[in-house]
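Labels for the chains are A, B, C and D, by order of writing; each one numbers its residues from 1.
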Amino acid sequence: MISTVAESAPGADRAAWAERLRRVRGASELLAADLSAEDQTIQSMPDVSPTKWHLAHTTWFFETFLLAPHLAGWRIHHPAYGHLFNSYYEAVGPRHPRPQRGLLSRPGVAEIGAYRRAITGGMLDLIGSAADPLWREIAPLIELGLNHEEQHQELILMDIKHVFSVNPLKPVYRRRPAGAPLRPVVGEPEWIEFAGGMAEIGHAGNGFAFDNEGPRHREWLEPFRLASRPVTCGEYLAFIEDGGYRRPEFWLSDGWAAVQNQGWQAPLYWEREPESGWSVFTLAGLLPLVSGEPVCHVSFYEADAFARWAGRRLPTEAEWEVAGASAALAGNLADGGRFHPEAAVGGRGALQQMIGDVWEWTASSYSPYRGFRAVNGAIGEYNGKFMSGQMVLRGGAAVTPPGHVRITYRNFFPPPARWAFSGIRLAEDA
Amino acid sequence: MISTVAESAPGADRAAWAERLRRVRGASELLAADLSAEDQTIQSMPDVSPTKWHLAHTTWFFETFLLAPHLAGWRIHHPAYGHLFNSYYEAVGPRHPRPQRGLLSRPGVAEIGAYRRAITGGMLDLIGSAADPLWREIAPLIELGLNHEEQHQELILMDIKHVFSVNPLKPVYRRRPAGAPLRPVVGEPEWIEFAGGMAEIGHAGNGFAFDNEGPRHREWLEPFRLASRPVTCGEYLAFIEDGGYRRPEFWLSDGWAAVQNQGWQAPLYWEREPESGWSVFTLAGLLPLVSGEPVCHVSFYEADAFARWAGRRLPTEAEWEVAGASAALAGNLADGGRFHPEAAVGGRGALQQMIGDVWEWTASSYSPYRGFRAVNGAIGEYNGKFMSGQMVLRGGAAVTPPGHVRITYRNFFPPPARWAFSGIRLAEDA
Amino acid sequence: MISTVAESAPGADRAAWAERLRRVRGASELLAADLSAEDQTIQSMPDVSPTKWHLAHTTWFFETFLLAPHLAGWRIHHPAYGHLFNSYYEAVGPRHPRPQRGLLSRPGVAEIGAYRRAITGGMLDLIGSAADPLWREIAPLIELGLNHEEQHQELILMDIKHVFSVNPLKPVYRRRPAGAPLRPVVGEPEWIEFAGGMAEIGHAGNGFAFDNEGPRHREWLEPFRLASRPVTCGEYLAFIEDGGYRRPEFWLSDGWAAVQNQGWQAPLYWEREPESGWSVFTLAGLLPLVSGEPVCHVSFYEADAFARWAGRRLPTEAEWEVAGASAALAGNLADGGRFHPEAAVGGRGALQQMIGDVWEWTASSYSPYRGFRAVNGAIGEYNGKFMSGQMVLRGGAAVTPPGHVRITYRNFFPPPARWAFSGIRLAEDA
Amino acid sequence: MISTVAESAPGADRAAWAERLRRVRGASELLAADLSAEDQTIQSMPDVSPTKWHLAHTTWFFETFLLAPHLAGWRIHHPAYGHLFNSYYEAVGPRHPRPQRGLLSRPGVAEIGAYRRAITGGMLDLIGSAADPLWREIAPLIELGLNHEEQHQELILMDIKHVFSVNPLKPVYRRRPAGAPLRPVVGEPEWIEFAGGMAEIGHAGNGFAFDNEGPRHREWLEPFRLASRPVTCGEYLAFIEDGGYRRPEFWLSDGWAAVQNQGWQAPLYWEREPESGWSVFTLAGLLPLVSGEPVCHVSFYEADAFARWAGRRLPTEAEWEVAGASAALAGNLADGGRFHPEAAVGGRGALQQMIGDVWEWTASSYSPYRGFRAVNGAIGEYNGKFMSGQMVLRGGAAVTPPGHVRITYRNFFPPPARWAFSGIRLAEDA
């Protein structure tokens, strides 16, 4: 991905960019600060990467695309890291196989810390020393690198949650912050109506965006309504208790096969004990299910089946984007430190929780927008090549860094994926 | 699936319907006439079904949805056939597992022939004897059953081609008919331009259509161009010779994984011998590759990669439908008996081969049209539940029964599937 | 395999050998006579081969090792058959993959019948025309070919039983012959004692034997006892009802893993219906379990677990051979046409059913006898290369051709195999 | 397993037993001393366990079988450890699945260190405080626990070697000690002859032995010869260069399948670079191949194929034991700190390297000795239940603790296993 237009490139204030680099890099390290060396080494399934791999891979990005080509006299930190920490850039050479990231004890956490410090230092040198023409060329790449690192901050949280979940000790990543009392129950959702018509969606070119968010283009929309808030755990429990996981009539064919082959009976991380009832594993450990919280860690198949059971449907991404166009880019995001969706508290007659809490599955498959064309070279592999077999999610979640969320932001996962903080917002034809 | 509106129901002329039933049923049997009992028993991969299974399953459809509920005094032909020949209707009860259809020697070809005769006879009784209110109720189901059987006629040909292909003896299903000489070379395609704008696509409600072809609805299209003819084998060979299967930059990530995991080096059924060059396995046996023929048996991934290599893209299904709106419903279809795509012969300045020869992959994932809702009950499982993970193809192929093709027809297969007669037509933004 | 010594070669009476060839070849064809073309085409699991493959493979053996090298002017019947019908002889060239034998509709049953007739005819020519020195060279190979074909006669029955068992129609291969009434119950087994001491086992060199039966050699045996008859279904049922399949303490570690991974709860072909109780699928269809019959279709793991539950053990193959040394080579074999084990009827104080009814698992892994050395060339692949990972069974079963059983005969299967007619005879230290 | 007879129980000198416990426990910890927390967490394949798992499991053994039942007032150290660190004792309850041992970051290395200290302390209390009758009961269990821990010391070394081998950084576990110069070449082996006859093998009951080493019993042996030393890397290289891995005639059928399915072209840990030739990964890192060193990390299949290529065979375990009866229990064992086999240096006319360097595959499948019977209860699961599907190895290797090797010692691995320090000694009939 890349910023869509030159205007989004950072301005001349290099000190501000140096500060932003320090801040983003430091935020990643802070996420790992309470994890042991052992914690940071585990890969609990092929989709998951070890924490220390995330810390190294984001660093490799800066070294490979900024320091190696652009900082005079830069010597590659370690000859093997290119192989070990390349994620999927075919054009940059062979890679260590993804499912084997958890087989590497070396480099250890300490060595990766040193790697991070060296590359952050090199980046600060580069920012300070680049001649102006080079600066104009590389500034968009730096911005991309920082957004890339923010994406991995969310992945660090998603992944360590899965790592801890397979451990019978059910470790706590971070205790639930004290604060507002839980709201166990919320009222019925309202249905907010939108008129449709000729719409424009996609990034308009002001400020940073990933390449897949553009080009901005026209789509025709018929009138529709969105639920004012995401589906709650309590509503989802009603689906379960109505035989949701036993009745094929609600499910896409592939979804029903997933239910049977993988033995799904509830969202990922839900557990039922005979006497104590439902619990949910969170980054604060195993907690009792709270009915009013948005349901999380459901697959697209489950979201779609729930919608069919409820007599509704999922919104398209164009509907979502048009409806959310004026939403404030704030909410229950990672800076709150809760790392878990919270029950809606908002007022009446308006959409709530469009930003934060849970990523919302849409009915749209992840396809290129009209006119999309990947940039040349390795950077062009960022988004475009994943445009098959995945569905779009919108809005960010409680683990998304603030500032790393936009109304035009297109997140995407395969339909059976459940380890993202993915939830459901219902829609219907008006 | 079901005809979308009541008007599409057959008229009062029952004799004509009886004749049509006889004709469609007989056509299926004719396709199997030259196959041995052994041929009709083989399942060469999980996607393939034995010929005799197709013959029985289409029969089961009529017995289950027409005779059993509606013909007074009908006794189920055999108690086990419901289990053996149900394909995927969850609501009708458990099914024999699809990958095990090739493990059944009994019922044999002769018994299935008897089953077909009994059910065809019962259907003729029902057509003749149903009271008018019942007739109005069941006529759409009969039409659906006949269209369903036509779909399986195409599957019989697709499947026996695969069955024969895995046999080192390379059997011939039907010799190539004598006739017009092969056209080994064709000229460059022309690029036919379309203005876009507000379009309506989907079945309008006159005559039969499957449920997934509707509702008719509006979509906004930007200007675009379509190639006047499908991509040829010669053009595809240039892609291969330019390293198409060795260069990841052309491929979607999932497509590149398929290339490597499955060892793809050419379309399905292509074989290269050191001295004699490329051959293609066809229903007329192994034949030398003909450069001018449309390339066939490529996956969506290959179609997409070819388009990227060619600097073009695949059309969306809306573009295809708008462009093809006035195409004649004729071409190289199954009635020609060639069962293989032929080189373009058409004039200048117009789209050719929109109908017949090869199904054309589109860039559109198979999703419900705005307002789509499956009908209740088992019949409702016909199409809707497959609306995930598949891509739409348009236009019919050389194995599609004539009369079983429409401009609005939405065929669909998963992106890696190659055993359908699937080809490529390129598009570009205007 | 090969006859161990020259003395076992057939004598000069060529007419007798021609007659024996006709008889053995005809017996194979008789086994297939009631099977449809479809029946003969199915491969229900990788271990199973289609009937028509057996008929062709045994024919290929004669063509490859006798006619092609030794009959002047012989032209290979079909150039592809060498590839299609070679089973595992690496030295003879590449082979059609075993798990894909069921994907071949061609050659059909009729063509394979013609192949059989051509090769039988060629063999009769060769027997009649070979000069004496050639005759002395090839006569042992002919004898080997006939014994090989007899092995496949048993495999035809084992395999078609499995093919039919996976069909919900539960076809009958051959109705149970009228005759002696079933003996539902038999008495307790007696324990027949043997003194042990220095023993000689292995084929002594008179008459035909496979290479793995020799050389004859010395083994030291401690005193032991054998049960007078095989374990019955009733005894095995007691094991099941005592939690046999739920209690790990009876099982080898690999056996317990097989129980869990494969969901074993009873021998292969046993079925339990809530109201009607246990049934057993046989070549005469699904029949009620008969308590007094020898249990059949158990794996080595089950045999071993049963023995541990019973406080006994399995005999070694040396113990079995010494104990059976004087047994008559008669019993419930394939010529009885029952194709199913029968309850013991014998007198007191002696071993019963050592020959026929069920193959008896021994505690001995299938290893080369002291001094064993495979012959050179492809024929040397017959037995030796399978000498790892398998256990020895002794005594023949109700599907073994009479004349194809010897006290020294070493049958072998992997420990989890269950589709052979394999049962249990207990032993204990004296 | 358990010491075979009461006499092998430790004497009354409890102080000596406390010291031995301290020493064995300390030796385990020393092996892990140079490994990072990350190193100790990795499971590089299902057969491998993380170092910290070994350290915890051996500790769990003492807690479960000694402290919990026998030390008054003992409270279980952690309620989850029973589940996490039970290896395969079905009778003690469910276990954490073996292939998932590498998914556990917690308990970490520090917590397991604390666990070890607590249990070692408890054991010292128990040794000091047990009343005499209890002491007589538990002393054999303590001895078993110490021998069990020594087994895991060897596994720690085997496993960390594999863990490091999959890391492209090729870490060094311990540098090669300075010392005697390498002997790159050794002379031809001599063939040492043994007369055979009636032999007794198995543990005689003096001192500790595992249960599978008894009962001592008689076997008859024909005359045979053993090579004076194990096969060297240079000899094995000649096998490779003669097409050993490409010629099926040398291989057991299962072995040939393993060669093809797993792509074997050399022993495990051998690597070939175009210019620099063969290297071998060792616990001292990647080193050039030394021709005179015993070949190591070959499977049984490779050992058997090499022997067939060489015109020899593997010895039976009885032959090995009779031949080695008078060998000194010394050699290149783990106390040397080399952790790698060394070339033979010994004199003429005698067996060399029977003890240490490499475990030697025998031709004997791992079966119970005549009269073997597992003890009751969980401890009885120690050895007996693995007596299928494995082959016996004899003699110990360069990673075996001194004192943990006996002439009667029966090690065992499945035929395709290669990560043990397994080599080859040839035999032949005399």
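Note that a contact is a pair of C-beta atoms (placed from the backbone, for glycine too) under 8 Å apart; a residue touches a chain by one contact, two chains touch by 3 or more.
Keep in mind it's a predicted model, so treat the numbers as computed, not measured.
Between chain A and chain C, the least number of touching-chain steps is 2. With centres set at the average Cα position, the gap from chain C to chain D is 38 Å. Per-chain CA centroids place chain A at a distance of 47 Å from chain D. Between the Cα centres of chain B and chain D there is a gap of 60 Å. Looking at chain D, one finds that none of its residues touch two or more other chains.
Chain pairs that touch one another are A-B, A-D, B-C, C-D. Residues 36-42, 44, 52, 80, 83-84, 96, 100, 102-109, 163-164, 166-169, 171 of chain A touch chain D in their complex. Residues of chain B that touch chain A in their complex: 88, 90-91, 198, 217-220, 222, 248-249, 251-256, 300-301, 304, 363-365, 367-368, 370-371, 385-389, 415, 429.
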